[in-house]
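See below for the structure under consideration.
Every chain is named by a letter (A, B, C and D) in the order it is written, and numbering of its residues begins at 1.
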Amino acid sequence: MNTILQVGLIGAGRMGQVHASTIVHRVATAQLVAVSDLVPGAAQALAAKFHVPNVAADYGTIITDPGLDAVLICTPTDTHAEIVRAAAQAGKHIFCEKPIALNLKDADAALRVVNQAGVKFQLGFNRRFDANYARVRQAVTSGEIGTPQLLHIISRDPAPPSIPYIQSSGGIFLDMAIHDWDMARFLIGSEIEEVYVQGGVMIDPAIGEAGDLDTHVTLFRFANGVVGTIDNSRQAVYGYDQRVEILGSRGAIQTEHNFPNNTVLSTADAIRRDLPLTFFMQRYTDAFAAEIEAFVEAVVTGGPVPVGGHDGRMALIAGLAAKKSYLERRPVKISEID
Amino acid sequence: MNTILQVGLIGAGRMGQVHASTIVHRVATAQLVAVSDLVPGAAQALAAKFHVPNVAADYGTIITDPGLDAVLICTPTDTHAEIVRAAAQAGKHIFCEKPIALNLKDADAALRVVNQAGVKFQLGFNRRFDANYARVRQAVTSGEIGTPQLLHIISRDPAPPSIPYIQSSGGIFLDMAIHDWDMARFLIGSEIEEVYVQGGVMIDPAIGEAGDLDTHVTLFRFANGVVGTIDNSRQAVYGYDQRVEILGSRGAIQTEHNFPNNTVLSTADAIRRDLPLTFFMQRYTDAFAAEIEAFVEAVVTGGPVPVGGHDGRMALIAGLAAKKSYLERRPVKISEID
Amino acid sequence: MNTILQVGLIGAGRMGQVHASTIVHRVATAQLVAVSDLVPGAAQALAAKFHVPNVAADYGTIITDPGLDAVLICTPTDTHAEIVRAAAQAGKHIFCEKPIALNLKDADAALRVVNQAGVKFQLGFNRRFDANYARVRQAVTSGEIGTPQLLHIISRDPAPPSIPYIQSSGGIFLDMAIHDWDMARFLIGSEIEEVYVQGGVMIDPAIGEAGDLDTHVTLFRFANGVVGTIDNSRQAVYGYDQRVEILGSRGAIQTEHNFPNNTVLSTADAIRRDLPLTFFMQRYTDAFAAEIEAFVEAVVTGGPVPVGGHDGRMALIAGLAAKKSYLERRPVKISEID
Amino acid sequence: MNTILQVGLIGAGRMGQVHASTIVHRVATAQLVAVSDLVPGAAQALAAKFHVPNVAADYGTIITDPGLDAVLICTPTDTHAEIVRAAAQAGKHIFCEKPIALNLKDADAALRVVNQAGVKFQLGFNRRFDANYARVRQAVTSGEIGTPQLLHIISRDPAPPSIPYIQSSGGIFLDMAIHDWDMARFLIGSEIEEVYVQGGVMIDPAIGEAGDLDTHVTLFRFANGVVGTIDNSRQAVYGYDQRVEILGSRGAIQTEHNFPNNTVLSTADAIRRDLPLTFFMQRYTDAFAAEIEAFVEAVVTGGPVPVGGHDGRMALIAGLAAKKSYLERRPVKISEID
């Protein structure tokens, strides 16, 4: 093991660039030394921008590089499971973007190999590392708000992704809401038991034609009796809206927007603030650094990762249950998914 | 018709006192001249406090008083329908507290008599007259937020009512949530089509033993496709929590707490505000005055009441559907209620 | 003494109308039965609007009316002292708009007559009755913020008054800031010792030509060592801005705007709130009712008025000192004013 | 010139550590390669913590190191001028903590040498690089708030520094308020003409015995007629309070606290937020990185520094004028200082 963790990046797309920038600018304990991408030129471009010495087309080159301690998997979702298996078999520690896979079988197969290999496996649920959510979780665990009763999660994007992205990513339930299922489990500390979805195509018919929906509210129940909702929209015109609130027996806690500045402008028209931080790269800058630092620490110290395979699996199951609920227009129990 | 509307009050309990205080202190266009209550001493006490000249034990005395233009019905819910019928047949204009009745048959029977008598009938959905909700509705009708997509209503009481009240009032779905069903219809301007409830007894087992629940989130769909939630709790320890928010295609609007003052106190512990306005009497003081003024104006001018029998009926149906959803643990269509 | 205080109003201008509306709509313990105004038609118009039975051109008719218990003086400032003297000599209790007079000699002469007559005399410092300022004062007296150290008062009008009003009212230091000198004394509970003004004509040259200024910040020191500022502008384009904050040894307290509603609108441009309550009639509606109720109670019970002649005198002296500081461009001690 | 700027740090105290951490963790364009401090062990400790290869006791070793492009001066204030002169004569670009000196003569002498040497000289007015203040400045330059009229700066520390620090640093007017004089000039874009101080020892008598005060409000006027205040306290028990507001002819802009998280906690006691960011290291983390990046860019590109010798000089003069005003208890013109 190197003192400064030597990391290879697989996938030089949007999330690959986010993590490359994070490691180079914000994480002193890791060094990005290799990158691969199937798209010609993509790895080269990222390498040039972030001074990464080694470039490859094939992820195989990365996972077999003896100089590397760990890999970051930022490829399209439908390739995650295969690369996880290969990297684990090659003995590399793994940080993988969410979700693990688009179905439970593939996810479980990948996690089995990870377990057998004994490598660290952390999933990219960056929001757990955000100061707002950490404070909300603390209010639950410290007893400040007593026993949790109701949870509301609002998670809205500023604009829909491309149609090809929607088609390959798993759609609103597996790609977008996956963060919210994990957040629900993280904040309440209990497993989701049943979900019921109301939603539809309210923003762009092309999303419907691509087999997905763009707006929904899902009502769900945890094993411990807490009732929750997730509100997802692919387009909140005022920006990236990331809020939660919990009602408990002794109080409530809620989060507000994160803004680029804390100024209030008063004119003859209104009392106004600038729009919230634009999108996830701005909103979760600190959280991205913190999750990579936590991964590095787990690898270096041999301690547990803060968010692992089981967490990825449970969020995936919730997403699959929601999808089923939407398609069959009925409440679906988590136990129906296998 | 008198220039200053002569009003009789039937029921000198909590809501009777709220309306008596409102008319005496805030409504210059009406005069409270008679009050009745079956409970010995209740009408007398209210009359003494608010200088009401005439007192009766029986509501029959009120509705047959030729000096009265209108009656306010503030008796227990299960007597509303009978008194509405009697008052209408006696030719009195009627302001009736919600809900009209605890079942659709009684409500419809009462509304039929009202229609035949041709008297004004207004239901006590005071929140429509609140400045926050009026502003939210304006954001919808003006197009400021574009086409509405998602609605969230939070409506939490500071503490549960007495068990006898829970038993006679219709419980959480017909007594408490009835305001929220009406608010949903008022804000979105469409009818509710299907409801699904998750909730339970989270605050006081005695409420469960009385056949009710104390906490729920209901997910519902409007005819125009908007998806909504209602979050009700019988006990938010920080006080009376009354908020809504709507996401639309061109923006979002949300309401915040109403506070007794707008001061912020900063100490070595926290940056804090005093608790929100305690309960509905404080929170909706202005709305209570405005709804009575609107009723008086409708009676005096012969114009339409702003909230009438149909509104009461539709909120009742939604409440009955929610109750059925909770008991049968499944989504219930509004069309199932008859 | 009548059970319901019988009140006569002298002056049917803007403040006269505010108080007439307040008594008619909000104060159950007083009745407005007479009004006078020198301007032909003004008293009649007010009487018609608020159902006042008796109308006179001359204030003499009001102060000699044996049916009246008290008078409200709402005439131009330069007539206050004369009418106060006359009303006191006639044995009427007096509620007088601020300031008592435009110079200390007249004010003192009027207050002497009041004292000799033994009538109640309350000055219209309505802001003392506002919930925000009352809460700030409570934070001082309760010790919540420890020993006060620094005070800031911001008091800005939405638009300048007419030039004739500026010329007759006493100008920014005696008419507008008079409320702020009183607020300073009220909140800190100590007397002002020295003032220094920086300001000028920043809004409208016509105000300068009329011998006044339109914008200033005054720095001052209390006898107990607290340092304070008053920030006055005749034109804050976003509306009526009324804020204070105090830093103390154990904390700080500050007030925020009062808004017509508590909604937040989010669009592609900004996160915004509607403008604060427009002007003093809207902003201090409750305070106007509370000050009249307090006056009525003092008269009826024989108890002390909450804000009296001494308060009016000290605010006047501070205003005169500020005027002198501005003219002589130097710090002025309160003891220089006589 | 090296591609990655090679930087030496002179002074390993509190500010030295802030800048070391900033360069190591946040600034990719500079490298910290040497550190000196007269206090035995101080430079070594910092070097160990931040992996700085070269350590010296004497600043002479730093300024004569041919491998260094620039130096950061973070020594006690009374040594700034001497080190600035020496570093400039040695041809090093200079980033110097504020203030340049404790008197105008020393400051001017140092700036003369800087000019003759033709090296870059940037002063550590980090707040100019903060997102809030940048947004306020933008509101001025863009015309959003029209012509500025009034400015208020609040700048309060959470707790007083040590008495020795107060004695050597220049005290409240030259050490603490120096940031605020610069902020005033930066935001309004005009020079200060006259200042008048009210304040005293309100927190700790020992501060008075050390010849300083701990609390003041200074009222001042700019050349362009804008009127401003600076409110300084050495101890706001709720934390580091950094706010400004400007009233202009077309609007106003104000800043609010920066918090460690954006959660709101509601309990039976209050609606509360956690305390603001603790002190300058937390509050201005991003600003410290931005000012160093700007310095590096100016050195590398040869462009102008964003805040230079003239800015440091003018802030110093304002501080000296305030000190004189406090001692002589009268308004002091900037032109009196020489």
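For this structure, a couple of remarks:
By our rule, a contact is a pair of C-beta atoms (placed from the backbone, for glycine too) under 8 Å apart; a residue touches a chain by one contact, two chains touch by 3 or more.
Treat the numbers as computed from the prediction; the structure is a model and nothing was measured.
Among the remaining chains, those touching chain B and also chain C are A, D.
The chain pair with more C-beta contacts between its two chains, of A-C and A-D, is A-D. Comparing the CA-atom centres of all chains against that of chain D, the greatest distance is found for B. The mean-CA centres of chain A and chain B are about 42 angstrom from one another, to the nearest whole unit. Separation between the centroids of chain A and chain C, computed from CA atoms only, is 58 Å.
Chain D has its Cα centroid 39 Å from the Cα centroid of chain A.
Residue positions 236-238, 250-252, 257, 266-268, 274 of chain A are each in touch with at least two other chains.
Looking at the complex, you find that chain D touches chain B at residues 236-238, 257, 266-276.
Listing the residues of chain A that touch chain D in their complex gives 24-26, 28, 131-132, 134-136, 139, 144-145, 250-258, 260-268, 274.
Listing the residues of chain A that touch chain B in their complex gives 146-147, 149-150, 152, 156, 194, 196, 198-200, 202-203, 215-217, 219-221, 225, 227-229, 231, 233, 235-238, 241, 247, 249-252, 329-331.
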